[in-house]
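Next up, some structures in C-alpha cells.
After this come two complexes, each holding chain A, first together with chain B and then together with chain C.
Entry: the complex of A and B
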C-alpha cells in the first residue's frame, strides 16, 4: 500500500513505518538503497531540511523477515509563487486568449483554474488543444464598455496562489507578425529593394479591420534602422538602399486604430541589384586583335607586359603592343 | 506613428475650424473624401478625449480616476446610447443603418456633454470641454454630410434632452459622468471601424499615409 507524500523544501520529515511500534527493528531504503541507522529514531525515519534530491521512493522492511511494511513516494517541492498571466487578442474581433506560467518551478504537480468575468457574466475559457497553459475566449458582443476580469488560481499540494488582470476589449489587441516577408532586388536599380508580405493568418477579417504596417531596414554593416510606416498595402519599395550592401528587413503589424504593434516578423536578407561585370570577348572584338576568337581571353604572346626588353620598332608593332597592353590590363583585372 | 496623422489633421482642422460646421459633402469631390474626413475626425476626437477624460476623472476624484475602476452598469445609465453590439449584427448593418446609429449616438452624447459644461470644476476644464464639444459637433455635421451625399435621410426627431432625470445624489451624478465618458470613448473606437467599412464600400479617394522617419 503506497502513497504519495508532499513536503516543502527545507522541512523536517518524519516517516513512520506503518503500524509498527516505535521500538521495532526495521530497515528503511530510499530508492532501493539502504538508509544508514543514524537517520533513524527507533523505527521512525527522520529527514531534516529536505531538498529536491531527496525525492523518491521510501520503503520500510521489518528487521528479520524482511517483509515490506510501508512504502511511500516522497515528493519535495514548493508552494506556487504568484503566476504570470497575460491576455491578448491576435484575432480581433473573434476573441482573445490568455496564457500563463509560474515564475519558478514547484517541482510537484500544479493545477490551474481560470475564470473570466465580463460585468456580471461568467464566460467560458476553452482550453487550448495543444498548449496546456492557454485558453480561448470568444467575444459575444463587440465594442463593450465593460471590462473583462481574468483570475488565475494555481494550486498544488503545498499551497495556492492567484493573480488577476482587468482590461478593456481594445487594449489587448495585438496582431501576430506579418507572414511570408519577401525582399527582392529590382533589376537595373542598384538602390532599390522590393519588399512584400502578407497579413498574419490569425487575423480573421482584414477587410473590416484593416492592419497598418511598420517596416524597418538597415544594411548589415550598420546598427541604425530606418523606418517606414504604411497605412495601406502589403508591399513597399525601398529606394535609398546603399548599392551592393546586404540588407536586413523586418515588418510589424497593428490594427489601424486600436491596440499595440505586433512583434517584428522573421528577418529577411536581400542585396540590391548590381551591374554584372562586362565580358572580355566584347572588348577583344572592339580592339580587333588577330587572336582566334575563343570564349576565353588569351593575350597575344608578343605583348607580354613583363617583356620589358621588347623593342618598340615600327609603328605597326607599336600599335599592336599598345592594344595588347590594354587587353593584358583587362586580363589582369579579371583573372 | 499615429501622432503624425493626428498632427496633420490637427493643422488642417485648426486652419479650417471656422469652416468646419459648414462642411458640405455634396460639393466636395464625392462621398469617399467625406468618409475619410469623418474617419480622421473620429481619430482626432479619440485622441483628444484621452487627455480630457483623464483630467475630468481626476476632477471627479477616486474611485472614478482609478485605472481598475470597473463598476456594474446601473439601469439608469442606459439612457446614454451604447456602442456595444452583437458581432454579426454589426457586420450586417446597411450603410444607412450604420451611419444613422453613429449620427444618433453622437447627437445625444453631444447634448449630455454640453450639460456637463456648466458644472465642471476649473475654468480650464470647462474651456477644454467646450472645445471638445465644438469638435464633436463638427463630427455630427460631418456624418450628416456623408448621409446626405449618399442620399440617406437624416434620422428624425431632436435628441432626447438631458437633465430631465436629475441624479438623486452626488455619487450617482458622478457615475453618470463616468459612464458618459466611457460610452463616448467606446463610440469613437467603434466609429473608426464603422467608417473603415464604409470607406471600403464607397468608391474612395484613398489617403495613404506614408511616413518616413530616419534613425528612430
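Entry: the complex of A and C
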C-alpha cells in the first residue's frame, strides 16, 4: 500500500519492504529507477543523510515475481522556522488583515493556524479569497486602548513553530499608496507642473477619515528629493521646477490622525512646458533671455542683432551663424 | 435661538465642528506628549496594561458608524466633563505629591494646559448641543468620583489610564465632529423616528 513518509534533511532513513523478511530477495526502485544494492541491508533500503533531491516514490518488488510489496512517497523537508507575521489596516475603520510567510521553505506541506484576541474576546479571521497566507479581521470596537494579540502557529509533519504580535488599533493603520497620479506641464509656465492623484480605492471613507499626503519630486538628473506635505486636497502645483528638465514625482498617504505613511505611489514623469523653438528664415529672431537665473540654461545673448537692411549675402551668413548658435544651445539643453 | 435646521444654524454648526476638529487634533498631540512625560516622571512603563478604571470614560465603542449626531455629542460631552474633573484632580494630587513649588514644573504646566483645552472642548460641545435646541444636560454627577484611599501607585495608574483614554477620545472626537460636519444644512442630528427609543 502506498503512503507518504516525511523525513528531515540530513536524517538516515530505513525503509522496510512491507512484511518481507530481512533476508528476502527484493528490488527497490526510486521513481522507477532501480536502486543499487549498495544501499540495501538485506531487504531494507538504507538512505543516509537524505537531501531534498531524494524525495520521490520508492517501491519494493519481490525478487523473482516482481510483485509490488511496498510503496511509499518520501518527502524530505525541514520543520518550520519561526514564521514572519505582519498585520496592517489599509481600510480603516473597517478592519485589518494579517499576512505571513516562512523565512525559508520547508519543502513539505505546512498548515497555518491564526488566533486573534482582543482583550478576552477571540475574533474571527476570515481567509482571503485569493491569498492563502492572509486573513481578514473586522473591527468590532473602535478607539479601543485594549491591544490585539495575534498568534500564528505553523505545523508540518516534522514540527511546529509560532510567533505572536501585539499591537493597538492605531499603530497598524497604513493606507495603500495614492492612485492615478498624473503630472502635467502648465502651458506658458516653464517652472510649473500640475500634479493630481486619487485616494487609494481601498480606503473606505475618506470624507470621515481624511488622508493627508506627502509629495516628493526631483529632476531625473539630480538625486535629492524635494518634499511637500499637504493636509488636504488631491492636487498640487509645483512652482519651482527647473525649466525643461524631466521630473520624477511620487505621492504617499497617511490618515490625518493615526498610523503610518503608505508606500510611495508609482512614479510619474513630466517635463515643464517649454516654448517651441522658432523656425529660422533669412533673419534670425533672437529669443529674449530672462534675467539671470540659475534654474534654467538659456543661450547666451548675442551682442549683435542682425539689421533688416543688411546685405543679403553677409546677412544670411550672420543669420545662419546666429541660428547655429541658438540650435547648438538648444542641443546642449536637451542632453 | 435659530432652528436647528436653519441655514445660519448649519453654518454655525459647521464652524463649531471645524474649530472643534482642530482643537481635538491639538489636544491629542499635547496629550500624547503629556503621556510620555507622565510615564517618565511617575516611573511607569507604557507596556503596562491598565484595565478599565471606574470613572474614566472609555473611548472604545461598538457600531460607531451607526450613532446619531445627538448621541455622539452627548457621549463626547459626558466624557470630557469627566476628564475635566479627573485632570483637575490629577493636578491637585500633583501639587500635594510634589509640593507647591514643584507643581509648576513642566508636567504640572502641561497638565494645566490640557485641562484648559478639555474645558474649551466642553464649551464647544455645549454650544453644538444648544444649536440642536437640546441644551446640554446638567452637570450633576459629572465630577470626579471620590477616590477611596488610593495608594500612590494606584493613583499613578489611574492617571496613566486617564491620559491614555483622553488620547483615544481626542481621535474619536475629531471623527465624530467630521461625521457631524458631513450632515449638510437642513439635516437634523437627532435619530430618525425609527432609531429613537
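Convention: the second predicted complex is superposed on the first by the 278 of 335 C-alpha atoms of A that agree within 3 Å, B and C clash if a C-alpha of one lies under 4 Å from a C-alpha of the other, contacts with A are read in each partner's own complex, and residues count from 1 in each chain.
Operating definition for what follows: a residue touches a chain if its C-beta (ideal position, glycine included) is under 8 Å from a C-beta of that chain, and two chains touch if they have at least 3 such contacts.
These numbers come from a predicted model, not from an experiment.
A.B. asks: Would chain B and chain C fit next to each other on chain A once aligned, or clash?
C.D. replies: They clash.
A.B. asks: Check the contacts made with chain A and report whether chain B or chain C touches more of its residues.
C.D. replies: It is B that touches the greater number of chain A residues.
A.B. asks: Scan A:257 for contacts with chain B and chain C and give back first, second, both or neither.
C.D. replies: both
A.B. asks: Could you look at A:41 and tell me whether it touches chain B, chain C, both or neither (first, second, both, neither)?
C.D. replies: Neither: A:41 stays clear of chain B and chain C.
A.B. asks: Look at A:209 in the shared chain and tell me whether it touches chain B only, chain C only, both, or neither; answer first, second, both or neither.
C.D. replies: Both chain B and chain C are touched by A:209.
A.B. asks: With both complexes superposed on chain A, which partner does A:149 reach: first (chain B), second (chain C), both or neither?
C.D. replies: The first partner, chain B, only.
A.B. asks: Have a look at where A:225 lands relative to chain B and chain C in the superposition and call it first, second, both or neither.
C.D. replies: A:225 contacts chain B only, not chain C.
A.B. asks: Counting only touches as set out at the top, which of chain B and chain C does A:64 meet: first, second, both, neither?
C.D. replies: Neither partner.
A.B. asks: Output the chain A positions appearing in both contact lists, the one against chain B and the one against chain C.
C.D. replies: Chain A residues touching both partners: 93, 140-147, 170, 207-210, 256-258.
A.B. asks: Within their complex, state which residues of chain A touch chain B.
C.D. replies: By the definition above, chain A touches chain B via 93, 119-120, 139-147, 149, 166, 170, 207-210, 212, 214, 216, 224-233, 256-258.
A.B. asks: Which residues of chain A touch chain C in their complex?
C.D. replies: 93, 140-147, 170, 207-210, 256-258
A.B. asks: Would you pull the chain B residues touching chain A in the complex into a rising list?
C.D. replies: Going through chain B, the ones touching chain A are 1, 4-5, 43, 46, 68, 70, 72-73, 82-87, 90-91, 179, 182-183, 186-187, 189-190, 192-193, 196-197, 200, 206, 208-216.
A.B. asks: Okay, in this complex, where on chain C does chain A touch?
C.D. replies: 25, 28, 49, 58-62, 64-65, 164-165, 168-169, 171-172, 174-175, 178-179, 182
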